[in-house]
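Each in structure tokens, the structures are laid out below.
Next come two complexes built around chain A: one with chain B, the other with chain C.
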Partner chain A sequence: MSEQENIVEFEEISIEAPERAFDIEAPSAPVSDTPLAEARERTQASVKKTHMSQKTKNAITNTIIHIVLVVMCFVWILPFIGIVLESFRCESTGLAGYIFPQKWGFTNYVRLFKETDFPHWFLNTLIMGVIVAIVQTVFVLMVAYALSRHRFKGRKFLMNLMLVFGMFPGFLTLILLYTWMHDWNMTDLNALWGLILIYTASSGMGYYIAKGFFDTISHSLDEAARVDGATRLQIFYKIIMPLSKPIIIYTILMGFMGPWGDFVMATFMAHNAHAGYNVAAGLQWLLTDSMKNEYYTTFCAGGVVVALPITILFLLLQKYYVAGVTGGAVKG
Partner chain B sequence: MATVKLTNVKKIYGKNTVAVHDFNLEIADKEFIVFVGPSGCGKSTTLRMIAGLEEISEGTIEIDGRIVNDLQPKDRDIAMVFQNYALYPHLTVFENMAFALRLKKSPVTDENGKTKYVKLSNDEIYKRVTEAAEILGISDYLLRRPRELSGGQRQRVAIGRAMVRDSQVFLMDEPLSNLDAKLRNQMRAELILLRKKIDTTFVYVTHDQTEAMTLGDRIVIMKDGFIQQVGTPTEVFEMPENLFVAEFIGAPKMNIFHANLNEENGSYRVSVCGADIPVDGEKGEMLRARGVPSREVILGVRPEHITLTSRNNPAAIPCVIQVNEMMGSEMHLHVLSPEGEEIIVRVPTVQFTAQQVASLVAGAKIFITFRGKVMHFFSPSSEFNLLTHDEPEENEATEDAASEEPAAELENKEETL
Partner chain C sequence: MNNQDTYTETEGGGQSEELAVTPEEQSEEFLSPQEEQGELLAAADKEQGGPNDYLRLSRLGKMGYKLKRFFLGIPHWFAQLGRDIWRGLRSFGLRIAACFRDIFMTFKTGSWKTRVSYLVMGFHNLFAKQWLRGLLFLLFEGVFIVYMALWGGAWLSKFGTLGTVATHTEEVLLPELGEYVERQIIGDNSFKILLYGLITIFFIAAFLYTWYLNVKQSRLLDEIERSGRKVQGSKDDLRAVVDKQFHKTLLALPVFGIVMFTILPIVFMILVAFTNYDSMHDGYVNLFTWVGLDNFNSLFAFGSEVSVAFGEILAWTLIWAFFATFSNYFLGMFVAMMINKKGIRVKKVWRTILVMTIAIPQFISLLYVSNLFAHNGIINGLLMKLGWIKSPIPFWENGTLARIMVLVINIWVGIPYLMLITTGILMNIPQDLYESAKIDGANAFQQFCKITLPYMLFVTGPYLLTSFVSNINNFNVIYLLTQGGPINPAWGDFSGAKAGETSILITWLFDITNSAADYKLASVIGIMIFVVVSVLSLVVFYIMPSNKREDDYS
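Moving on to the complex of A and B:
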């Protein structure tokens, strides 16, 4: 097509001009001028006044809040300080009426590893922690993803059911579980494996927080990935997982910490063989009436040692734990 | 590069919430189709059914002659741009655009005649991503992550991600509605240019009639799950098939009046707001050609088809200005007629003196008249345009049988009116 043919010529502008002569009658009441300058001055004056008093108010509120926080911190941290200090006490081994040791030393730590079954307990718990952390994370993330993204019959019912089940204390099933584990030779010295089975079996029920997190990831990311050609599994590990680092870390930490704090189940499963205990059960055993005069400070040392792996893990993972990475995905 | 054909497509949510009723449309190859309508009209649902993100309750959708009802989105050879961009936040712009290419496997036949599916080479991916980035002007941001980009840049990446796939159909779900007004205008113009470069079939969803008018080859106007009209921008603007389309297309929206159309010796006049205005020009001829009798009508007059006039004009309607909106090149006057109807008048300021413009203030009394040759006439009962639809005779049986949809809709409308 040549350029010539594309030219459109208007012979005459055909758009009709409005009649030039038209009448306007001025408004009956004149529009009053707002005394602008005056109003502006008034506003500025009032702003200045409220600004000053607001500052003082803030200062007072902040002071009160900080005082309350300091008191709360002190109350909260006192037991920890007590345990750390008493773990270094060398002059006596039983309960004492004071916290600052008179003679400092590592005797209690040496005794902890040499005279008690602590190395067994520690290893038991560490193995449990690692395995439970891995298995539980896999379970929780899968359950949470399914409940967040898929719509299937009975989904609501299942969620409510798990919520209700989660409200029953775990030790309600203690006797039954012990009988089963005993039959399968997973108690006492083998309690480790029984406990792992118990901890992980129900771990999918802890889906709630992870599901809440997945729910905040826009579904249009899933849809975009589906259009782009990704399968459900690819969406899960290529899109959802990288975006869920905080919740993965959280789940790992929770899974790892669980076995360290469980007392009821661990004591019961290994009640015939103290070497099968986890740290919580073992350390508590040191505090029984027949032991505590001899081992109270050792117990304190154990408490400090137990805190270490969790602290280290937390420090390593906390940078992922804090910040999410979902910024910029969809218009917020 | 492909046609899209929707036949009796229906979407039903739950048991009886119908989002889309009996949608029939044929989209030609390389056509730019815009679905437009108020929120909840089913336009996005229809688009998502084409994409495969929503199940099709009834009917069939064909892409390039192939029924795709049961195909996954990835197998439909479509690309989609989402309203909220939906960029992968943990990936760079490059990886966002390359995501689909990395998953793609194309068939290759080896010496033994066996077909193997192989992934695209990195060079090929690089080439396609950088080419698209070049066109969109985002080459400098390829290594950034979405959160480091502005809204407009993110939108470009989203378009780029769809572009690199060379799909047969390009679906866009309100892609500009998250941008600010200025950027939206700019991107709209860029989309028009981009469209020429991509040269494929587009289905574009928007609630903004300006976008619909400027982008679409044809516009599909929807309401409550029903198609109201399908036509070119000019068609829907100049000859709206019903009152809804008339009011929806055009900004500010069309003024609506109850009026009487009077025929006398083949010439028509309309009496409205106490004035008697001749219907001349094209519209008068069309009325004559269709033989429309004297009757009650709903009169539609666009704000730009109202002129200021002198008090001596026999067709003048005296009005009082309530609000004046100065838009720069034009002025929107909200005026009150003697009967208490609010009328919006669009006045091109360039034709007036500064003094005349300054006197158009709230409270001032002006005289307006309508231009007969660009009026629209609708039936008060069916709300159809009298020039495109025959009014059903005073026979309710035929009216019911004629078409189920408008009848059902009418009931709703009458309640709201």
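Moving on to the complex of A and C:
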């Protein structure tokens, strides 16, 4: 938790210019009736006046901003409070026009685990998350390192190729991937394995952020190691890897969280075998028109069960996420 | 301030450009566009009466001048783009020609070992005791020949027609019974023919490349033998795998994955756009076949249902992407500035609350929000209870309202993210700029327009582009909130995939694939999305010089 405090130490700096600009003391001159002195006196007074009004103005602005922030945070958090409250509603299972349950209880959580395939979904997603996180991280680091540190023939071509094919919408390939995976018996109840293959196989394309990070590590380290006779493999895992902890954790975090949110691929791959879903596909399925009236509150309970661990994990690793996202945005 | 801005921008931009250029890129081709643009702008300057006159222009005049420069640049970008494409094609052609010449010359001048290598791959390597390379070459050739003989040739021969005999039932005379019996005859499968034909083509390309490598290796060995140097052995080869050629080791598996799971499927779907593959032609009982440009013609046929729907959806996609990107950008920046402001307490609390909402998977938050605004959802229930409205507000049933709602909720989704990104960058703006601006008497709004915004736009320019593109493909927000609805009956019903008022191209594409199984149309739309995205990227690429600095740090 102490690390988290480092994330955003912005408090010290502020956009406001220091007020000392207005505090420049005029050289004290004896009050006289020369026009110059009079003018000086007047200026001093007016400076003081602006200073005062500036301060009150600042206070008012700050108060307004505080109010705005409170309202904003309320708006941002309201849906999540809503989900939690509705997940405890026992008197009805469909949509209701009110937020506070009339009868509280854990019925929905019990139903979630007993009546739906939620345990399967959760397990599927957990397995996917772990495997995808590992393989994707390895792939991304490999590609990013090669493209960042090695200059070889075809490097530009490879990067352009990935850029161009990254511009096609991924859904285009749904039908082919399904047919393909179906041939290998990796769909429906086994959708888990097909999905892992799909998520990981081309994950090397997401190398941008990691490459941007490697680019910032000084080349003199590599050169020093090469002088000492290290092979490139040794440089990779003995020098670059230990320095890249933030980006490694960021990549792992992203890889792990991916399968929790994807419902398109998961729905498509599992087709109609509901036990093969991941949490996203499963919970979304609970809200289809025919299921909604009976399972709406169960969906809320499922949302809470899924969101809680993910959010905690995310907040713990927040620092790395911020680093990755900011680095990626600035590098473009 | 303003006048200086323009000039420092152009000059400073050019300067940093040159500073960032690495020797590798410092070719004539790279620098020429800048120079040409410079000339063009100089011409524009002359028209205005030189840069000195610019300072004397009125505010409106300055704006006009900037606009003029912008528009004067447009034909230039296209010319540049055309030149680049032409250059690329020409260099590609030249390279191919060089390849052929190389192969021919090597055969003519090479030793007999090299000539044998043309037929038996790796022969020269084996002869020179490069066991590892030689065996790998030979093995690859063997695998290729076996594959082509057993499967590849068959797939490839049917590739032109995509199959001729469909699976059907036939009455067959059984001699032992003496009567006709219905029997299913398994025919061709267009889908498989297309897929495996394509894989075979990829394989042939890989083989040809390897063969060329083999020829080059042979020639190299010839040269080494002639000069009497020592030939690199298998042991050195193995060491190179972790050292000199380490990048190949690193890239091999990921690139193979990308080729098989991204490039191959996409090329396959591009090919599907030229067939009539849909639910009526499943490729099994009803074979599908090549139809040329028919699908594109029907999409662009003026007045047809598909073309009307496509036009409307494309327009909304662009509007959506524009507003979604810029509303998030400015509001997110605004929120970041509010939290950054001196005198605001518990900054960390505000940030953490906003960041927390990023962590929660979108399918949970967006599905819940969608139901919050449903006909019998909490918002309508609350408003009715308060007596503010008589009947529920049709948030998702009214087209215009639904469009506004998705934009507003997208702001809700996007602000925390933008807040995170911009906070750090805002901190990096030199504070003395603000101090001097304040002394000059600039108010907060002027400071924002003249200092914060230009700086932010400069730093986050590339991000804005990626964000625009990702909004064009922002499936989650639209699909989870409205599923593309409310449905617009005027746009037709493509065998089940209804186009709605909030549909963007990507959600439409998903519906067409998922519920209508009209794969040919989906492929065409996928290609159109690619065209839109790539054209946008190219335009921005040619406007923004900062995009070219790939090797910034190295």
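Methods note: the second predicted complex is superposed on the first by the 236 of 332 C-alpha atoms of A that agree within 3 Å, B and C clash if a C-alpha of one lies under 4 Å from a C-alpha of the other, contacts with A are read in each partner's own complex, and residues count from 1 in each chain.
Following the convention adopted for this analysis, contacts are C-beta pairs under 8 Å (C-beta built on N, C-alpha and C of every residue); 3 or more make two chains touch, one makes a residue touch a chain.
Just so it is clear, the model here is predicted, and its values are computed rather than measured.
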Pick one for A:260: touches chain B only (first), chain C only (second), both, or neither. second
Touched chain A residues, chain B compared with chain C: C
Tell me the contact category for A:100 with respect to chain B and chain C: first, second, both or neither. neither
Who does A:300 touch here: chain B (first), chain C (second), both, or neither? second
May I ask you to decide whether A:225 touches chain B, chain C, both, or neither, giving the answer as first, second, both or neither? first
Between chain B (first) and chain C (second), which does A:184 come into contact with in this model arrangement: first, second, both, or neither? neither
A:237 contacts which: chain B (first), chain C (second), both, neither? neither
Do chain B and chain C touch any of the same residues on chain A, and if so, which? 16-18, 21, 234, 325-326, 329-331
Residue set of chain C touching chain A in the complex reads 24, 191, 195, 239, 242-244, 246-251, 253-255, 257-258, 260-263, 265-266, 268-269, 335, 337-345, 347-348, 350-365, 367-369, 371-372, 374, 376-378, 380-382, 384-385, 412, 416-417, 420-421, 423-427, 431, 434-435, 437-439, 459-463, 465-466, 469, 473, 475-476, 480, 505-506, 509-510, 513-514, 519, 522-523, 526, 529-530, 533-534, 537, 546-547, 551-554
Residue numbers of chain A touching chain C in their complex, please. 5, 8, 10-11, 13-18, 21, 58-59, 61-62, 65-66, 68-69, 72-73, 75-77, 79-80, 82-83, 95-99, 139, 142-143, 145-146, 148-152, 158, 161-162, 164-165, 167-169, 171-177, 179-180, 197-198, 200-205, 215-216, 219, 231-234, 236, 257, 260-261, 263-264, 268, 280, 283-284, 287, 296, 299-300, 303, 306-307, 310-311, 313-315, 318, 321-322, 325-326, 329-332
Taking the touch rule as given, give the residues of chain A at its contact with chain B in the complex, in rising order. 16-29, 31, 218, 220-221, 223-230, 234, 239, 242-243, 325-331
List of chain B residues in touch with chain A within their complex: 51-53, 72-74, 78-80, 82-90, 99-100, 103-104, 145-149, 151, 154, 161, 165, 178, 307-311, 313, 347-348, 351, 356, 359-367, 371
